[in-house]
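The two complexes that follow have chain A in common; it is paired with chain B in the first and with chain C in the second.
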Partner chain A sequence: MLMYTLKRLLAGVITVWFIATATFIAMHQVPGDPLMNDKAVSPEIRANLEAKYGLDKPVTTQYFIFLSNMLKGDFGISFTQQNRKVNDIIRDHFPVSATLGVLAIFFAATGGVLFGALTAVYRNQMPDVVIMFLVILGISVPSFVFAALGQLMLVNINSFFGYSVIPVAGWGTIWHMLMPSLVLGLTTMALLTRLMRSSMLEVVNEDYIKTAKAKGLSPTRIFFRHQLRNAILPVITVLGPQIAAITTGGFVVELVFAIPGLGRYFVQAVQQLDYTVIMGTTVFYGAFLVFMVIVVDILYGFIDPRVRLS
Partner chain B sequence: MSLFQPDANMFERLETQDSAEIIARPSLSYWQDAWVRLKKNTRAIISLNIIILLAIFTLIGPLLWQVDPALQDLNQVSQPPAMPKSALVVDPFRGWEGITIDNYEPPADYADSVPAPTNVRAEGTATTQAVRIAWDQVPGADGYNVYRNVREPTSFADLGLPLGATYGDELSYEDRLSLEARDYYYSIVPTDGLDEYEVFTQLVVTPKLAITRDEALERGLIDSLDAVNIGDEVTIEFHPLGTDYLGRDMLARLMEGARVSLFIGIVAPLLYVLVGIIYGGFAGYIGGRFDVLLMRFADFVVALPFLLFMILFKIAFGIGPGESGIIPMLIALVLLMWPATARLVRGQVLQIREEGYIEAARLLGAKNHYLIMRHIIPNTMGVILVTLTFAVPAAIFTEAFLSFIGMGVAPPTPSWGSMCNEGVKTMLSHPHELFFPALFISITVLAFNLLGDGLTEALDSKMRSRD
Partner chain C sequence: MRRITVILTCLFIQLTDGTALASPVDFENQTITVAITQEPPQMNSAKATDQVSGLVLGHLMEGLVRYDRRGRLEPGVAERWEMTDEKATFYLRKNALWSDGKPVTAHDFVFAWQTALKPVTASEYSFIFFPIKNAQQINNGELPADKLGAVALDDHTLEVTLERPTAYFIKLTAFNTFFPIREDFFNSKGDKYAANADDLLYNGAFIMTEWKHSASLKMVKNPNYWNKDEITLNAINVDYITADTRARLNLYTDGKIAFTRLDGETYKDALSQRFRIRRFTTGSVFFIEYNHRPEKVTSNLNLRKAIQHVFDPDEMVNRVLAVPGNLRGESIFPVWLNGVEDKFRREYPAPMARYSVATAQQYLDRAREELGGEIPPLVLLVSDSPTATKQGEYMQGLMLNKLGLDVKIDVQTFKQRLAKMTSGDFDMVGAGWGPDFDDIMTFGDLMASWNLNNRGRYNNPAYDRLVQIAMNSTDPKTRMDAMGQAQQILFDDAAVLPQYEQGIIYVLHPKVKGVVRRVVGADPDYTHAKVVP
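Presenting the complex of A and B:
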């Protein structure tokens, strides 16, 4: 168990290094440099600026400087936001994105498991048909359309009551978080519902369900203890990658709902070629995702004792 | 009694039937069988037809609907979908002196209340050039306020836009404020010269779309100034799905956008699935250390945060001035999406490599490339086809997503995603600008998803038909 965790962590560290290197190479492929955005400056000032940010050194040296700073946990200072540390940007805005993501995953997972189980119980009956239709809709409609519709709905609710019941945009209270996280989790919820349904239908035919029936267990007990518990396992497996999809997929929702998350800073940084912010956000996100996948895999071992981690 | 002597003539020759024992339907190949099962799946077949219709829409549509998608028509901005419209040819605008009372005497005393104006009417033909409202004098009033609303007023407080005020001797008002061809509810409120009396009379006017001959000529609706007379009607540009915020035809833009979206949606998956097949095929076939190494690399690529790298790569491969950014997006998609297919193909190859028929073929002296081409690739085709079908919606979504956040296809090239991006800004006032591109994205993605589901079932050899 310990060996497995250590092994996975080591692989994770190598992956993060790969991400950092790939980002560095891709970033330096972009024509121009961060100082081009400023007003025309005299060569002396430009030389000074380059020296300050270390842009005068060869690219390979810059790469190693960056790596050693990264190991110390320091991503440097933003080029475009004067004197703002990249670490500060991440510390200020990542929690917002993360909260949004966690809530979205919460909605998606509870909704997916609930609806998936429901459709399996009422197979080919009314609830199944209705939910599966909604699921197909959820998979086929782009998230920004949901975001726009969600906002439209809030506008209508608020104008119906005549005052702001649920804020239409912005961030701060739990009410601000409700609609964006619901919208963000919708696609994943649809996917999980589908998965849960097929998994439930598969489990029904397993021998241990027959055994449980033969033993005379009550249907509710069979449903909760045997069917649901076993059917939920594949859902947990895909949860890791889905967390990744949701946290980065938050860009659009953050944009539509004017939420001060990290996504906006990344897009801005790429447009302005803010080297340090690009590196910082990408490496941070990458590390976060790698870590989440490892955590989900290890948790899986706890939930399903049949899986031996080795 | 003689014995029965059979004669050759007494026998009749029967058709020989050497397979009388076999009771079977004609044997079907794997693909024929899959097709038979796919045809039974109504949803998949409907989806297939939708996809064919979309292809026709994209390829043949622009030939039938020859409207320039980039042509801006600022006379018809954000028009909703409509039937062909015609406009009334009118003279160039000339001022209206209005109706005034000669020898007007202001009311001697302040009146506590006055009756509502009577005989409120539209003078002449109401056009989008001008609407002329006139009314009869209200005894006791020394002025009038004119309001305009786009819906029927519910109360005195709901008269809408205050257009203007007139003096007591002026009994008319000329409205020229950005008129459209729709219903307007005009309300006339008498005043004592300053304050309003709480009475009003309303009039519904539907101005006709008006156009001068010079305008019509300029917009190419008529060939010469003499072609039409004042009072004639000319047919104006027809936009079946309305126009966008720059007056560009939505239908033409949707067709043009379909080219971009479907091009990326189909070519990118084809390319990266091909890369995945080659990569995964190699890894699986050669196996051993090489396989481990290749797959480790694929794992790294999977770990890259997808959207961040899509944006980064797209910028890194550059868009020069005047380019649409389609090729960079294609490259970025291929670079980031191949590992999934590679993994899948590798798994399949590893499995097939151990099958008995491969062993048999090898014993018969089959060479490597024969094994790969004849046995391994055809046997992975089913899985690959399903992957490809599901990859199309993913690619279309990615394109739409990037264009939506403004990092995708560069304007003026339309794509469904960038059209959504423009449409969402005017969602409340002109919902059609968001609705149509979103509808097209959804239908396309839905069709490919359902077709993918159908193919998965049809190609699953466990479910081969027995009937």
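Presenting the complex of A and C:
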């Protein structure tokens, strides 16, 4: 088990290094100039800006400087907010995205498992058809549509009651988080529902279910103890990467609901060619994703002993 | 049963976010709540370049002079000033204080200006100081910063020696980059200066007490402000930061914010809600800039003339943009600019091409002859905003239908578009220009051959000469005559194709009065706003 964990960790470190390098190369291939702005500046000012961000050095030198700084955990200063460190940006805004993400995952996981199990139990009956239709909707409709619709719904609810039942945007209380996290979790919820359904259907035909029935166990007991527990394994597998994806993929939701999360910086940095923020957020999220995958792998080993043997 | 309902209702109200009867304005406390479109990227006045930073800074800081509600100059930190061709002397009021209670002195201005000019600061707005003696040399690193022609004669007298006579110098000092910075505070903060609410000293009508990055900021009335009796608002709460116009309209509808700008899409929703829609002309001009580099076909005058004769600014404003508030683009000099006694454009009406496909065809035939046959497809570079793309498509259709010219639209994101503009990789580009100060020169030198923002490399010595006259003369008539002639030259050369003067539409809470919309300076300006019952 220890060897297994160590191996996974080493592979993780190499993956993060690879992500950093690939991003660095790709970023420098993007046409455009991070230091250029609406107002043209004189060559002297430009030279000073280049020196400030080390862009006056050859790209390979820049790369090694970046790597050594990254090992020290320092991503430098943002290009667009010149008095803020990238580390500060991550520290200030990741907790917001993470909170939102955890709540979204909570919605997605409970909803996904519940609806998935439901559709399997009522296979080809009304609940199954309705839920699966909604699942297709959830997978195919982009999140900015859900975000806009969700917000409009809140506006209408509030104007119906004549006072603020749930805030339409902003950040601060649990009430601010409800709608955005629901919207954010919808796609994942749909994915998990589908996964849960197929995995449940597989389990239903297993011999041990027949045995359980033959023993005369109550259907509820069979459902919770035997079916659900076995069927939930694949869901846990995808949950790890999904957690990482959800905490990063909140750009649109953060924009619509005016949430100060890291997703906004992640996307805007690319638009603005903010080199340091691009590298900082990508490496951070990359490391986070890799870490979540490893955690799930290890957890999986605990939940399902068969994994360790193979 | 009834009791249960009451209890349930109470419980329900308790469970909600507690802002029952929400209103973005509060008469008792004189506070308003608003949203801004993005996190202010730079609150160091020596380095700020963008509008949002300018908006926030304009409420927190004060320069030597400021603009009143009608856009006229009024005293700021300077009580009065004297101006000659060589010198400007400012007499600072003794009761102007920083937010920590210390007086604002002439040294604070000298320090701020020197800081902005130091090459190491790399301020993008350093050019705005160039009328001051030695400013350009300092900025180029040829002279030390203390050689700047701005000297504190004593704590309350600031003497500025000019490089050349500058008619509009006083107006410049209202600009952000001219705001004071106190040396000891600046140095004590180092790299963190202006990074957070307590990393900045304030001398304006408001102070920032709270700044949660990308989330909210709070500006409260500055108890040390010399003119505090004139300020009614106790607080401006910027509770939301989002670029999403629809989200902001939703917040407005929900009674969370008192102001929001609308766009083409949200306009209809606001109308259907029966909000009162207000309009404002921002003072910015949008135009097609041609590439005048000799290897480009657009360097051909007859080709540009042909396009000039089929472009109809009315159609652009009414059918393409189709949002109220925009004005016909007739000149690179917008209508609000002042001339000698009246508005410049009334004294020097912009020459207009008479719309005629036949005339355009004649020009086009000549162009074909000069260019040796068929004209290759033209590349029209536009930014990736919906408005810019729509305009590009309109131009594409126009040139194909009226002139039979092929246009390829090259949609690029902000930085890529700038890179292509600078390297000259385009034939035409959708461009715009907004004013920095209230004088015709803020537009006047845009097409000068030495101006780095003249990215199409337009070069006409006659025009350059006129710009020099307007820059160096202090006689209003001479200056405006020169600019009037310059306007004519730009038309004759079809140097650019003016498209429209930008108008915007917005909604404002009916109980908020005194919000000033400005062409130059912080906009919208809530400084003298108040909430009425």
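Just so we're on the same page, the second predicted complex is superposed on the first by the 294 of 310 C-alpha atoms of A that agree within 3 Å, B and C clash if a C-alpha of one lies under 4 Å from a C-alpha of the other, contacts with A are read in each partner's own complex, and residues count from 1 in each chain.
One rule holds for everything that comes next: a contact is a pair of C-beta atoms (placed from the backbone, for glycine too) under 8 Å apart; a residue touches a chain by one contact, two chains touch by 3 or more.
Keep in mind it's a predicted model, so treat the numbers as computed, not measured.
Using the contact criterion defined above for the overlaid structures, shared-chain residue A:116 touches neither chain B nor chain C, since it reaches no partner. Contact with chain B, but none with chain C, is seen for A:282 once the two complexes are overlaid on the shared chain. Partner contacting the larger number of chain A residues, of chain B and chain C: C.
Once the two complexes are overlaid on the shared chain, A:139 sits against chain B while remaining clear of chain C. Looking at the shared chain after the overlay, A:155 reaches both chain B and chain C. Once the two complexes are laid over each other on the shared chain, residue contacts for A:255 go to chain B and to chain C alike. Contacts of A:33 after superposition on the shared chain: chain C is touched, whereas chain B is not. Of the two partner chains placed around the shared chain by superposition, chain C is the only one that A:173 touches, whereas chain B remains out of contact. When the two structures are aligned on the shared chain, A:82 is found in touch with chain C, with no touch to chain B. Across the superposed pair, chain B and chain C both touch chain A at residues 30-31, 148, 152, 155, 255-256, 271.
On the chain C side of its complex with chain A, the touching residues are 16-17, 19-22, 35, 39, 41-42, 44, 47, 49, 119-127, 139-141, 191-195, 199, 212-216, 239-244, 246-247, 250-251, 253-256, 413-416, 418-420, 422, 451-453, 455.
Of all residues in chain B, those touching chain A in their complex are 299-300, 303-309, 311-313, 315-318, 393, 397, 400-401, 404-407, 417, 420, 424, 427-428, 434, 438, 441-443, 445-446, 449-450.
Within the complex, the chain A residues that touch chain C are 30-34, 36-42, 44-45, 48-49, 52, 77, 80-84, 89, 92-93, 148, 151-152, 154-155, 158-159, 163-171, 173, 175-176, 255-261, 264-265, 271-273. For chain A in complex with chain B, the residues that touch the partner chain are 14-15, 18-19, 22-23, 26-27, 29-31, 136-137, 139-145, 148, 152, 155, 244-245, 248-249, 251-252, 255-256, 266-267, 270-271, 278, 281-282, 285-286, 289-290, 293.
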